[in-house]
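Just below sit the structures, each encoded as structure tokens.
Look for chain A in each of the two complexes below; its partner is chain B in the first and chain C in the second.
On to the complex of A and B.
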């Protein structure tokens, strides 16, 4: 990675880190933390779905695993929350690897893979809802004990910085993927798996690495969610709402790009909040906005917001719009 | 270096390849010709590992690779192109070739340098930063060739790299293929453009209805009665001979 790769990430992270010094209202900080947690999970989705082209409809399986592992380790085994975080990431990666092994080895692709991931997430949701080990339908309440050692902070800004640091770390990770052999092979598998194999790419290994990384990152966001709200149940942790959020954000922001998931999460939740301010009496107005934004993105910005900006800036520089770009996005 | 021994492939009731045998010595260009539907591409797919043979063995450099995955064979040094070009359409030409180069170069800088080098050799030097989806047919054929070359193969399987090109494009690419051979890469090529086969190949195999019916220098093989009949139908060889005698 060169300085040119790192500077945008550094600058944006520092700017975002300065935000709590200006904005101190708790609803706004709450919003920012939640938005960043979604962005982090979406970054996880983007590694597999964006770079690897394997669209998962069930990333709740990883999000929920992260959340439950953290909560259960603390409640039932008295494990420290930070250690719980590490183990949650490991568990997410392991679940990813297993789901990947079962589906990729049998050659599942496209909508079949999407359906299998959805099925896994639903099975986990139903099991977590039924088993007493996971608190059943009543869910799990993490004991309020505000200490940094417990991954609980009385200042929302500190939690904001923590999540931001993880988002920045995954931005770096994603940039590294983009510049590495692993990333080139992953993108090659997305574009044309047979051609990639002929060039010596072990597509199974590449996809398994991607889904394990993806699962780990998304589990991290689930873990942070549990630590921030201190309560989870099956419908929150393994609910399809989070699967949808995690795939909408990258698609809106720019699938297979480094900043896409973050831009998408910010746009979606920003617009959702604005809509709630203006029409708060209509329940679910933010979801209607999500749907509207998705339709607009699919119709007018196939590469998401970042793809649109890139095209506009190309046009601004007087370049002819590149036809082939359109072809490539349509193919994804 | 390559020994295909009695290899067959059955698709349901269809015997696509029927105990075909073929062997290649290092160096040189060998052609694989035959009428449409003869099983040439299926045989290629079995050599490169995309299709598992129903019967028979394939050895490469003395090792039995019959059951190996395609990517393992690429690591061993078998490169292939696809008859229906398979570019990574969303990537640039340079990125496309770099995927191949990454096989032997782990570092991005090395792989990119290798990709640029190969691109220049096949005449894509000016198109490095263009999206691969925007190349012409001839450009895509060159890209197929470049990607396979970037894996630094010992054996290169070319599946109709000349098909769909106009005569001047064919004239341009023939020296490129010859150049690859001169660097010590063994080439096995499926080709319908007979002028190119005559021009390039030292030896050809003829596959018809899944069976290997002839083998030898191109000029000899083309005069072979079985080969003429395979292409033109039963009795064609005798008719041609009679006509030749009448005109002579």
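On to the complex of A and C.
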């Protein structure tokens, strides 16, 4: 990685870190924290779906695992929340590896992979909803006990900075993947798996590494969700909506790009809030916007917002306009 | 322990629920077989059809079975239009895109219904909702029995359309070889849209059969569509008889799992079968072609 890779990430992180000094209202900070948690989970999705081309429709399996592992460790075994966080990430990576091992070894890809991940998430949801170990349908409530060891802080801004730090770390990780040999192999598998194999890429190993990383990052976001909102149940943690949300953000922002998931999460939730302000009490209005934006993005901006911006700036410089297919694969 | 009679009754009830699953899966598998896409909007479209049946009953006093007759062409037109003017143009012919467009559509449809009807659960009652038919010592629900009969008839009709009409021939030609079909003068986008319309028309029938004994709310489709995916995969993607048999089988599995494991775990059997089939034999138990 060169300075050119690091500077944009550094500058944006510092700018975002200054926000709580300007904005102090709790609802706004809550919104920002939630948005960043979604962005973090979406970054996890993007490693597998964006760079690896394996579209998962069940990332809730990892998000929920992160949330439940941290909550159960803390509530039932009194494990320190930071240690719980590390274990949650490990559990997410392990679940990712197992799901990946089962499905990739059977050669599932495309729609079939999407369906099998969806089914795994549903199995987790039903189990978590039925088992007494996970609190059943009543869910789990983490006790309010404001101590840094519990990942609970007096000031919401501290948690915001914590999540932001993780998002920045994953931005760096993603940039590293993009520049590394592993990332090149992953993209090769996405573009043409048979050709990659013919060139000596072990596609199973590459995809397994990607899904484990992806599962770990998404589990981290689930863990932070549980620690911030202090309540989870099966439908929140393993519900199909979180799977959809984690996939929407990278698709809208720019799939397979470093900043795409963050841009997408910010855009979607920003638009959702605006829609709520305008439409008032109509239930589901923000989700109507989400769905509409998804259809429009697929129809008119295959590379997401970042792809669109790139095409505009290319045109501005008088360069030949690239096709949508190429734009979506451009490294950004 | 459960007496054999209870188990048999549960299995037969499951068989009849499975008939409706089969109808839903029939549309899904038809669309998959021809367009090679997984239609994520299928559940939301089913919800639309169920609300239409409910409105016909609440506003016009129409019997839900009778409401199927006008609803079938309506759903066909809706499906035709969606594929022709939204899904087709928006997805640029890429499979991943189609998945995403249908997902986006389902989110929009579901939440428009939520905005209009709120999240209340609605039911309708008919004289025959709770009527039972005695078959020896077994008591079978009358509306479900009708569902089973209609599902078999509709599968037969669909099979006839595909195998005995020119449109059906065109559909099969496109399914096998899109480019070749285009070369001999078949209008491929039109055939795609017709197929999508037929898939949606199946949902109209399913909705009419469901409403006498079931309820509707804006989120109800999601529960059915996951089961329908299972049925489609189990029956072999694109196979009509596979969808019928798969639907009946899944209905029985769900009913028996519910009996032995309790309601909250009842559906887990379905998903475990789903995962197992995908991992071990993705062509399905009844599907012959790869």
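A few points about this structure:
Basically, the second predicted complex is superposed on the first by the 322 of 332 C-alpha atoms of A that agree within 3 Å, B and C clash if a C-alpha of one lies under 4 Å from a C-alpha of the other, contacts with A are read in each partner's own complex, and residues count from 1 in each chain.
Here is the rule we go by: contacts are C-beta pairs under 8 Å (C-beta built on N, C-alpha and C of every residue); 3 or more make two chains touch, one makes a residue touch a chain.
Note that this is a predicted model, so its numbers are computed, not measured.
In the superposed model, A:195 lies in contact with chain B only, and not with chain C. One of chain B and chain C touches more residues of chain A, and that partner is C. Look at A:268: by the touch rule set out above, it reaches neither chain B nor chain C.
Shared contact residues on chain A (touching chain B in one structure, chain C in the other): 324.
The residues of chain C lying in touch with chain A in their complex are 37-38, 86, 89-92, 95-97, 99-101, 103-108, 110-112, 114-115, 118-119, 218, 222, 226, 229-230, 233, 262, 264-265, 267-268, 271-272, 274-275, 278-280, 282. In the complex of the two chains, the chain B residues touching chain A come out as 48-50, 69-71, 74-75, 79-80, 82, 86-91, 95, 98-100, 102-103, 106-108, 111, 130-134, 147-148, 150-151. Note for the complex: chain A touches chain C at residues 55, 102-103, 106-108, 110-112, 114-116, 118-120, 122-123, 126-127, 129-130, 137, 240, 244, 251, 282-285, 287-288, 290-295, 298-299, 302, 324.
Chain A contributes residues 179-181, 184-185, 187-188, 191-192, 194-203, 322-325, 327-329, 331-332 to its touches with chain B in the complex.
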